[in-house]
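Every chain is named by a letter (A, B, C, D, E and F) in the order it is written, and numbering of its residues begins at 1.
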Amino acid sequence: MFKHSKVLQYPAKPERPDPVFAKKMQEILGGQYGEISVAMQYLFQGWNTRGNEKYKDLIMDTAAEEIGHVEMIATMIARLLEDAPVYEQEEAANDSVIGSIMGGMNPHHAIVSGLGAMPENSTGVPWNAGYIVASGNLLADLRANVNAESQGRLQVARLYEMTDDKGVKDMLGFLLARDTMHQNQWLAAIRELEEKEGVVVPGTVPQGYEKEEYAHTLYNFSDGEESAQFDWLQEEAPDGAKFQYESGPVAYGEKPVLKPAPKQSHNTPDYGD
Amino acid sequence: MFKHSKVLQYPAKPERPDPVFAKKMQEILGGQYGEISVAMQYLFQGWNTRGNEKYKDLIMDTAAEEIGHVEMIATMIARLLEDAPVYEQEEAANDSVIGSIMGGMNPHHAIVSGLGAMPENSTGVPWNAGYIVASGNLLADLRANVNAESQGRLQVARLYEMTDDKGVKDMLGFLLARDTMHQNQWLAAIRELEEKEGVVVPGTVPQGYEKEEYAHTLYNFSDGEESAQFDWLQEEAPDGAKFQYESGPVAYGEKPVLKPAPKQSHNTPDYGD
Amino acid sequence: MFKHSKVLQYPAKPERPDPVFAKKMQEILGGQYGEISVAMQYLFQGWNTRGNEKYKDLIMDTAAEEIGHVEMIATMIARLLEDAPVYEQEEAANDSVIGSIMGGMNPHHAIVSGLGAMPENSTGVPWNAGYIVASGNLLADLRANVNAESQGRLQVARLYEMTDDKGVKDMLGFLLARDTMHQNQWLAAIRELEEKEGVVVPGTVPQGYEKEEYAHTLYNFSDGEESAQFDWLQEEAPDGAKFQYESGPVAYGEKPVLKPAPKQSHNTPDYGD
Amino acid sequence: MFKHSKVLQYPAKPERPDPVFAKKMQEILGGQYGEISVAMQYLFQGWNTRGNEKYKDLIMDTAAEEIGHVEMIATMIARLLEDAPVYEQEEAANDSVIGSIMGGMNPHHAIVSGLGAMPENSTGVPWNAGYIVASGNLLADLRANVNAESQGRLQVARLYEMTDDKGVKDMLGFLLARDTMHQNQWLAAIRELEEKEGVVVPGTVPQGYEKEEYAHTLYNFSDGEESAQFDWLQEEAPDGAKFQYESGPVAYGEKPVLKPAPKQSHNTPDYGD
Amino acid sequence: MFKHSKVLQYPAKPERPDPVFAKKMQEILGGQYGEISVAMQYLFQGWNTRGNEKYKDLIMDTAAEEIGHVEMIATMIARLLEDAPVYEQEEAANDSVIGSIMGGMNPHHAIVSGLGAMPENSTGVPWNAGYIVASGNLLADLRANVNAESQGRLQVARLYEMTDDKGVKDMLGFLLARDTMHQNQWLAAIRELEEKEGVVVPGTVPQGYEKEEYAHTLYNFSDGEESAQFDWLQEEAPDGAKFQYESGPVAYGEKPVLKPAPKQSHNTPDYGD
Amino acid sequence: MFKHSKVLQYPAKPERPDPVFAKKMQEILGGQYGEISVAMQYLFQGWNTRGNEKYKDLIMDTAAEEIGHVEMIATMIARLLEDAPVYEQEEAANDSVIGSIMGGMNPHHAIVSGLGAMPENSTGVPWNAGYIVASGNLLADLRANVNAESQGRLQVARLYEMTDDKGVKDMLGFLLARDTMHQNQWLAAIRELEEKEGVVVPGTVPQGYEKEEYAHTLYNFSDGEESAQFDWLQEEAPDGAKFQYESGPVAYGEKPVLKPAPKQSHNTPDYGD
């Protein structure tokens, strides 16, 4: 069950309107690695966790915080759209500044949401749940989480470079910090799980399932041998085994020959050669 | 530039037809973490890499291998559909085995592809590029890769449990092994990059961008304190700093008040209270 | 800002496993009119509301409740998948009951989520934000809400008919009740707004924008005159005007003739007749 | 069966080219609440109607009219793209007006459709059928319709404010009027159905399905009590019952505990605390 | 402008209920090559045609007919769902026939549409406009049309094989015939255009744009030389030129080296080797 | 199995940065008819081909070449983004050239990919597999291929008109040539298959399936008779039969009457008239 508190976790107040930046900021709201993605990913991971209450609680704590981040960014976008010339007519557009605002903003902000945030990314594509994962395997999922927080912080850093509005930078600076924490916490929890299960996910695959003779070889599928030069190829692999290197791709299979289809499929019959 | 070799990397030959399993196997072909995803993710990461030729080569080697995995699974699916009662009529469906095949298979395999693999997942949703990422930041992207190989190997392991066909299990055993290698290689490369850049992505954020006072605190946004019990909260954080814990969520912001919209937006005017 | 409480708003406990019903129940979790839709729709409406604090609060109250409904249904689905034969192999599938479970369940529940709920609908299509709306116009949006609660309650009622599990029916009975409340509250708020603004949205269109002579006519674009028989056509229209009826479709425009395209578009040149 | 008449229902002729406005106008053609949505929604509602010929005819009349609206807007867009500098090269783009046209237009209009309308919205997202509903329950569906006509008219009104082209405004003025009619007709038909069935959809839920004790309570899931101040909370609810108010969220359920997953799922085992 | 006639173009009446076949039939209603696709493709092609009234009229004639085909199939699906056990409860599902119906049908038919057709394909994916094209170049578009009618007729033929219901087969036999006509008409119109413009689309590319030395060579990018054995490689190419064959892929470019990114992008710096 | 060669098939080097053109060029990379589409379409067609090794080899040769085209375009886009003002701040945006770059570019190129290509089209919509087809029927599929190469070459020609960068034009000139070859090869192979199977796909439909009396009639579903004027209507149809023309649409069916739904569906009961 969730309860809403009306205050924001952190201020979300720009110095001045900027509808073009509002469009760009949609990326960290409703993009592949925006706040909706982490909020929804953590919610589903938490709800699907079986046992492991500590992990479940950590995940749900972070989920609830992330809904609050969606709220902060939505508020910031709504404010970047206030007092801006978004309903101007053609004559005004001949002014080059107004013209580039009208051409560069997201038309949904004027036509669909009436100066509010949209649940979509910076190119106007609606958020979809194909972005997220909750697999029931915590080590797999925490890796998804550290990935999401890494891509997310990278995008926040880039947005930080693209504005000189002190209010926007202040909030982005807070988000950078929270992503630092979230990377740290998932990395720490990953280490704990890796100590229990080993580094290869899932750690529960019984002996005999995997064809072990192919489990540590780097096949060189490109011309040139640059990839052979990694020092770690000479060291112990993360799972404790020894890496191998094959300088050319090796085929263990044969050329596949498919049987003809039945006549009811109306496929092309085999005309031979 | 790419060149095709007609032999498969590894045999893809089932013992017998199984259209219901063919539907399930679509997940690791065209699902969120299927082979199309890793192939396309690595291709775009490779093409977007600037400098760092060793990494680029490693990524392109793996990309080329993964296109070959798509090929193996597509071949396996085509064969699982051979000699199966997929064009049966209603009377036949009253036989319970045929009925459950006809109800449980993917109708696209009969109607659209004529007994061939589809570029879609196990529920019939077409693959889309919103699943993948290539960010220009290698550490971020290698984390996306170890995530993808972890989720992917988990799904292969589950499919392995769901069939007793020795031919299918043989190929899945090979894929388990290759995912072991790929997890190992990305983890090894991640360690190398983390030594250079630190663990927080991106490692290039200048002092003063981030609000550092919020960068290591776990806020408890759920009732109960299970998440406080992690041992690692008392230890050094992965980035070397010290974790903190706040037992209640803290609000640094205020209740936001948005300005009224201009009349051209035809939003609801403020009726006050 | 949001806070999570670990208890559910209402019990979510089935009597026994039922993976086929778990698949169907996904509709009210991640479908077009599932609980994710109403939760996200209300959140964005609340965040985008300018002034009108009463309405904003009502919307946010309901938003927070709906996240809790997502949680209840996710929990129910996870439990419907417990202790069920979802990882059975081919031999077992020859048993007709197991066979129809394996054919009729959502493969994601076995392969992707590991017996957890998915953020998708009953056919496996991921939830997307194209389902929802937050327009900045409250009367428009409350109509979207009463629509969503009507479609949602209808779907819950149909699911209620499709199971005899007392635990599932108990929770669905609670959802039916909450949807009754939500229909009532949105209808009551709509009445209040309609009294202020009139029934035609948006109520702020100035005289002279609209071509009023076409604003109350029913054009009969089908053969037959059944639609002319509505009693209300003879009564005052909801906005106070008088309905008119045209028994045939009337064209006010002409046959459009488009200019030829420039040669750089490489369109087909006009070959005349 | 449908028959096409070559004349337009209403003129669709702009005064002058405006590719940036053409992009914006795509919203009411192929957006969530554009004319394709209403046309397709009404078609499917009509085809799925069982009995109730008057309603079916009204729905099909409106469906046929809406296909004609798609035609008018498609024609307008094609004309807004005529004689415009859409195939200019870089040098020309240094002119600020041409530059903002080239940056602000939808590239599909130049590259894909050759100066024609696209079946997509103002950000270039293709129309999809997830926008529409035809449920078999007329009251539910008419509410979907009044919602669609409200959002649609709101968007038309906003576009009206964003151009000073008299030809465009003329056509938008006609669409405003038709949306007024369609809101009126659906509202009138809703009243008729509500008199027969009551206001809560579906009206056919038998006594005992719904947990009635939860069917009229407003739970306050946000801090603060603004939502308690609605006058209608003290009045009879639209369905005739009495509203109740709970100032804090109430939990009727318990903290859910999920069973461990079977080993074949390769989920994380329960590590306890 | 469009007018609806209440009679169907051809009868759409099955002998008996068959919800599993109803699900399959959705493919030719709302799938990639279903009737919605051809209807919408032809509508947009017609509306975007500039001049060339004969072609425009042919396209619009066919568009209007195809909307009528959507109607016929929607009606057939609604009837295949009548009198079928789609709201059965768990006990009934133990009957193997009912069980396979409940597992094999599209849950939307019971939960969302109330026994009506859905605007989606046979796996439940909503129709989207990314399936269709209207390019402004008639020869290109007529090729899209002959492709659509070929894939469409192939799917109808496969469905014909999968039922023994005489009513369904009767309607499918009519659709087979109409697809025969439509293939014929588009092929005839293509021939006419090819005589005017040549076979390579677009026929308007000026001398000097194309690198002609690469315009007729088959590069062998696979091992083996089977593709060299086509007789037509020795004959005049369709555009009148002479085919050439290169037995190995030839690279005209070099290994690309990208410049480092600016520091504001926070990409990985070049670590050299 | 696939092998990567590091050299490009053809140079991909622009003269100067142009982020707005980079956005447009995404269309032929990740759009409906971009290079990802043809690469994936040919791969799946090749893998699904049963027998017919010559065709399979031709298809796989072309598939492998097309992956190389994706690579060339991705490289070109990455270079068009180098040295461009994509991370500028608001003050710089007041310069009208920088402003129109910032407004007209794809924000993903700055925020998501860090100056690299994205797997999406020119409006930022991610590539999806609903664009492609592999049906098992070669004649159907080669028609899909000649369609794709026609639309693709048309789009390349339009892009060629929209830049004056000699490096970009050089690569587009190569792509024009390769599309010429691919149109020629598919047309030649189509002719070969049509000689074997006839022109109507699929050529294997047995006598009696099709209602032949409707297989060659053009029904005039629009007012006016322009479509009757095609010369080819008087000539032999492509399949050798004789065309017929009906000047008005003819209905062979009746007005459909659907049965009432069962009460468990909670549809609207029939209220009669």
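Some observations on this one:
By definition in this document, a contact is a pair of C-beta atoms (placed from the backbone, for glycine too) under 8 Å apart; a residue touches a chain by one contact, two chains touch by 3 or more.
These numbers come from a predicted model, not from an experiment.
Matching B-E against the pairs in A-B, C-D or B-C identifies B-C as its interface repeat (over half of contact pairs the same by residue number).
Chain pairs C-E and B-D differ in how many C-beta pairs they share in contact, with the greater number at C-E. For the pair chain B and chain F, the distance between mean C-alpha positions equals 27 Å.
Chain F has its Cα centroid 10 Å from the Cα centroid of chain E.
In chain D, the residues that touch at least two other chains are 1-9, 32, 48, 50, 53-54, 57, 60-61, 63-64, 68, 75, 78, 87, 96, 100, 103-104, 110, 112, 114-115, 120, 123-126, 128, 130, 133, 135-137, 139, 154, 157-158, 161-162, 202, 204-205, 221-222, 224, 226, 229, 249, 251, 258-259, 261, 264-267, 273. Against chain E, the residues of chain F that register as touching in their complex are 5-13, 32-33, 53-54, 56-58, 60-65, 68, 72, 75, 78-79, 82-83, 87, 110, 114-115, 125, 128, 130-131, 133, 135, 137, 139-140, 143-144, 146-147, 150-151, 153-154, 157, 160, 169-170, 172-174, 176-178, 180-181, 183-185, 187-189, 191-192, 199-202, 204-205, 209-222, 224-227, 229-233, 235, 237-239, 241, 243, 249-256, 258-259, 261-262, 264-267. By the touch criterion given at the top, residues 18, 20-21, 23-24, 27, 31-32, 96-97, 100-101, 103-105, 121-125, 154-155, 158-159, 161-165, 221-224, 249, 251, 258-261, 263, 265-273 of chain F touch chain D in their complex. On the side of chain E, the complex with chain C involves touching residues 1-6, 48-55, 87-91, 93-94, 96, 99-100, 102-104, 106-108, 110-112, 114, 120, 123-126, 135-139, 193, 196-197, 202, 204-205.
Interface of chain F with chain B (complex): residues 1-9, 30, 36, 40, 43-44, 47-48, 50, 60-61, 63-64, 67-68, 70-71, 74-75, 78, 112-120, 126-130, 132-137. Chain contact summary for the complex, chain E toward chain A: residues 154, 157-158, 161-162, 226, 229, 264-266, 273.
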